[in-house]
Amino acid sequence: MLKSPATHSSTTPLASNDETSKATKSRSDFWLNAKDKYYAWIFLGPSLLILGVFIFYPMLKTLYLSLFLTNTVGKPTVFVGLANYINLLTSADYLNSLAVTMVYVLAVTAITIVLGLVLANFASKQLAGIGIFRTLFSATMGVSVSVAAIFWLFIFNPSTGFLSLVSTWLHLPQIGWLTDPTWAMVAVIITTVWMNLGFTFLILLGAMQSVPTTLYEAASIEGATPRYQLFHITIPMISPTLFFVSIITLIEGFKSFGLIDLMTKGGPTNATNMLVYRIYKDAFYSGNYAQASAESLILTVIIAIFTLIQFKVLEKRVNY
Amino acid sequence: MSISLRNVRKDYDSQTEVLKDVSADVQTGEFFVIVGPSGCGKSTLLRMIAGLTPITDGDVLINDKVVNDLPPKARKLTMVFQNYALYPFQTVWDNVAFGLKARKLNQSDIQHRVDHALEMVNLTEFSKRKPRELSGGQRQRVALARAVASDAEICLMDEPLSNLDAQLRIKMRQEIYNLQRKLGLTLIYVTHDQVEAMTMADHIMVLNDQHVQQIGTPSDIYQHPANEFVAQFFGTPQINILPAKRSSENDHLLTIASDDIEIALNEAVPVAELRVGVRPDQLRVSRTDSVESNAVVKNTEFLGDETIVYATLNSGDNIRAVISGQVSFRAYEPIKVTIGSNLLFFNNQGQRIALSKEEVVHA
Amino acid sequence: MKKILAFLRAHILPVIAIVVVALGAVVYTSAHNQVSAKPGRTKIVFWNEMGGPAEVALDQMVDKFNKSQTKYEVIPQYQGAYDEAVQKIIQSHGSSASPALFQSFDISTAQMMHSKYTTPVQKFIDADHYNVSDISPVARSFYSNKGKQLAMPFNTSQPVLYYNATLLKKYHITPPAKSPSYSDVTRVAEQLYKRSGHKVKGMTMEIYGWLMEEALANAKTSLVNNGDGHTGNPTKINLNNPTTKNYLKWIRTNIKSGDFVNYGSGASAETNEIAAFLAGKLGIFVQSSAYIGQLTTGNKDKLGISYFPHPDGKKANGVGIGGAALWISNDKPKKVQKGAFEFIKYALRPDSQANWQKATGYLALNSKSQSQPALKSLYAKQPEARVPGEQLAAAKPNNTNSGILMEGMQLTRELEETSMETVYDGGSISKALSTANQGMNANLKTTNRANHDYQ
Amino acid sequence: MEVVAKQSLSHKILNYALLIILTVVVLGPFLIGLWTSLLPTMDIAKGNFLSLHISLTNYVDAFTKTPILQYLGNSLWISALTTAAQLIFCSMSAYAFVFLRFRGRHVLFILFLATMMLPFEAEIIPNFMTIKAMGLLNTYSAMIVPFLTSAFGTFMLRQSFLQMPAELKEAADIEGLGHFQFYWKIVLPYNRISLITLGAYSFLGAWNQYLWPMLTTFSNAFRPVQNGLRQLQSEETFNDWGMIQATAAIVVIPTLIVLFIGQHYFKSGVNEGAVK
């Protein structure tokens, strides 16, 4: 949709629906049918096995565990129905986690998209040596959580950190970046945005470059300014990509764990205790598998909703 | 290697019929063209012969053996596709050699055959190139070379020239024809282009509306089309089909298009109402005044050696006439249209009515 | 790039073959054990949570043990923080990856006991006729239940009160008593704050559940029923009691008079209070004795140490210990468990413990360590380093100062800390305590229910 | 992309200036990290950020005093195996969905898609138990086996396979190629760009795994680099900033190189595989 499929007029992609491919599809009732079934087991078998054991079974097991209380060693002992869910959804603590996660996810998504657009817009200008800037802008894609955490932990360090030095030089008040609840959230958001930026930039740049040049040529003949072109041609044209990147960022945001673990451990005073970190803490710190399982299911529902939205919209290929 | 189709039928989803009761015999070494408008099922028929699509009913025979249940590879044939089906990641040479390697021929045999095939299609110097580095015509030749290199004596072609420009198409037409003759291939060729069919085929099968309309030699089909569809399908500009009536006074007299044109036949008109097919070159057009005229000119197309005149009869029927040389008419100029000797007659179901005498009209 | 692709294309089959073989190899090898010991020695995987200088000291101790005999080899593996290690131990139990010997912290004792995943060291003590009388009784009682030693205390600390002796001298303030009362501490803090012209904050108490529990212990008050869990499984929490209120009121008094500074909770709070103390901006704070090392090296001022404060008009009961103990898993062969106990004995030898205290600040648990050269030289240089050990020795073990034998202590501490936070921020003491009490009771009820009341 | 007829010189300079500012902002953390990795820890602790005592001591320390090479090797091995396995298994299942006809194909495909809605993060508890039951705790396999295939990879390759001209399959049928031959000789080479893209994704994905290895590895012999860095941080209790930054630099530099080489594939992969 972004890039028109590289097909010659003559090629009949397997996906299309005209006469020839109908003929191809008729292989469905080809008399090798029985054999195809046998091949299907071979080709799909390994993947089915893995997905079954590590995706489907665990989901059911999680559901099962969430309906029980689990004892010291994690065995389900007492059936309590939905009590774990009710406890969670009435606990101020868990609602706080939900709220904190929402704030984080929305902030990260919005800021990443805006900054990604800014970078992509600059990097799509036709200037000598622009390729170097494009490469540099995408650099954070190669940064893993732990590396990003180390870089930023030093920047945010209260006593010897870079920002603390800068504020000293400029005689600004010191900010308790990782110790103050509000600023800790800001710090985590900044770091996440920075990590996401390279990927987002690259995707948006790719989308911008595949907007047909003739649209801009026509617009500039009609006297549209670059800014006007950005908001009335580029952004509408890349809207499917924008949507895609937003959803991906959103979903990844809900799954954030590494940075939280490395930078704040959910603190201070639960200010950054997001959903996955909570699951981890409840299960692997407190040993409360049942509650963690209930939390896992709630997380799954949230992510499934966003994934479904993604599928639905991509299916419709809503353009502009 | 002969091929026979016996009452072949194809349904999809046991609902939609694609082909009904197709029967045909293709002789060894014959150039057999299946022609029809798009969507008529001609590609499906070809794929059923190849074994790519199962048949719902009937039999496909190769060398008098029923092959309904044989997979494609066991049918010993090759196929050339509309988009050539070249492997973009392999060189020309490897593309031609691909099937041979798959059949596990020995190395020297492969070498020999591929080189020979490339030579036949004049691609020897391109053997190291990738398909994307070739022009459309060259790609088509690679596909041909694949068929040549194979030892199969049956070759199926599915609109192999439709992606080429007009000039190249004419050239490749000849090359395919020469190749078929040289190799003695039994070739079944699918196209929607009647010119290709007319110029290349030994026999033509005309398909339309899930049915075989006619099978015959090109001249047979042109001169004795089985029905209106076949008559209309062949020949440019298209044949004129006009409604006609037997005159109530004289059963040898035929009134065409209301009463604009009258024609006397050599024998009695067999039915009261019928349709007459007149090839555009059988129509004559002359200037006249508005009282005498039976038509007005719509426009003319000058083609260099002849002129096509489009006109509307007083009855409202549109006609096309081909006149040799250059003639010029103004739009709305009144003309008189008359009919030559060669006519075709169709009943109201569109089937041709054969008359006993060759020359039907008094000259 | 093209060349690489060409290579890959040409060699894709062998590459994949290698990958498949390797994959098989990995799966195969993983079924076997990963860590190889020296041939002929029994391998003992030892999980610990000692980072920084303590890790170095521990590795040295292990190294010496391995060299001291020929039957066993202890392989130390660092597992991160105490909190996460507990679950790792429980969850890996019964697999080839699980440790034979592990270190687990004080508040996990009930959990370990209930899991039934360990062999109580009492079994080996009895079999070996090992004499435990030299090992600190308070520390031992923390990890024992109904007279049976479950685990061997290892790295042990005591909460003590640190004060800046130089500053007190400068402002002519009488230092707090060796075992100070709340009001005694308040006096010093207020005087320091006033006399320094508000330049020096008098005191701080970290928002840390452990400190509140120790305040209860020192006042001989139980947090939970059934003798803080020592006489039976706890069923009821009693956080909202006069002793806790008294403790929080004491802090509130100091907050109101302005001499108190709040550094919040967690590791950062500890770093910050130490930084302030070393910079001479804070006079008094209560913290683990394991910090002595950090507080003496590079400190230009003289360090003063007193016992944990006790409420006025009440005799100090003595405080429980902090730190961790060594446990022996029961999922390993007898020979391995025996080896693990050999290491425990080695770790508690007088010389081992003396070196341990010197290197880490954790208290030597073997009473004979005090006469070891390592400690003697330490005391000669820093006489105040004796104080925590004396406090430990002074306490007579009873139910209230032997820790709280209850599961879910991590969660309990979180709730305690939330209540402390509320109070520090000016909220109502009894309301904060009753909220926490409610939460803790609910957790306890769920835990007991999930474990069928440990029937 | 704006059509700029003639850019004035000042306009150009402005553009470059903005680009350079953006570059500095984006690369700032890298630069700060790299710079501090060259400084002695004492200078960092004192806030002497503009120190001139530059040396590679921290790097030497990182290599000799920490198991960073072991961590890197572990990660490399885990990522390489995961990538190879995903390429094989995802392409196989994608092949089945495109080229094989069998009952339940549609349902199975929906099932595959559905797995994309189930976050692995929410399944760590049962998966931990499974891996434990398989006896794979603290092994490479623990970090590879659950990720041998992926629904995303299958989906992406399926999209790519669907773009193949139908005639290729028919030509292969006529030549008599079986499914394995067609898969191996035609489908894989034809889709190599998508395969490289998926490979890059799988590799980066495996390389960046954090939560799962943290739960399943207990010793440095198997710990991948992300968790290794976490381990180093907690062991070093954040005192030796210079060396910590050096370890981070050691980890990030190879990834950056791979990324710059493979950039093109990431971009096209996402645009074609996911959005289309």
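Labels A, B, C and D are assigned to the chains in the order they are written; within every chain, residues are numbered from 1.
Quick note on the criterion: contacts are C-beta pairs under 8 Å (C-beta built on N, C-alpha and C of every residue); 3 or more make two chains touch, one makes a residue touch a chain.
Bear in mind the structure is a predicted one, so any value in this text is a computation, not a measurement.
Looking at A-C alongside C-D, one finds more C-beta pairs in contact between the chains of C-D. Comparing the CA-atom centres of all chains against that of chain D, the greatest distance is found for B.
If you average the CA atoms of chain A and of chain B, the two centres end up 57 Å from each other.
Inter-chain spacing, taken between the CA centroids of chain C and chain D, is 39 Å. Separating the CA-averaged centres of chain A and chain D is a span of 14 Å. Touching of two or more other chains is recorded for residues 47, 52, 71, 82-83 of chain B.
Residues of chain D in contact with two or more other chains: 145, 165, 167, 170, 189, 192, 215, 230. In chain C, 88, 91 are the positions where the chain touches two or more neighbouring chains simultaneously.
On the side of chain D, the complex with chain C involves touching residues 80-81, 84-85, 88, 128, 132, 135-142, 144-145, 188-189, 192, 215, 218-222, 230-231, 234-237, 239, 261.
Here chain C touches chain D in the complex through residues 1, 5, 9, 12, 16, 19, 22-23, 26-27, 29-31, 34-35, 47, 51-52, 55, 77-81, 88, 91-92, 94-99, going by the rule given at the top. Taken in their complex, chain D has these residues touching chain A: 1-5, 12, 15-16, 18-19, 22-23, 26-27, 29-30, 32-33, 36, 44-47, 49, 89-90, 92-93, 95-96, 98, 100-103, 105, 108, 111-113, 115-127, 129-130, 145-146, 148-149, 151, 154, 161-167, 169-170, 179, 183, 207-208, 210-211, 214-215, 225-227, 229-230, 233, 238, 241, 244-245, 247-248, 251-252, 255-256, 258-260, 263, 266-268, 270-272, 274-276.
By the touch criterion stated above, chain B contacts chain D in their complex at residues 47, 50-52, 71-74, 77-79, 81-85, 87-90, 98-99, 102-103. Across the complex, chain D meets chain B through its residues 165, 167-168, 170-177, 181, 185-186, 189-190, 192.
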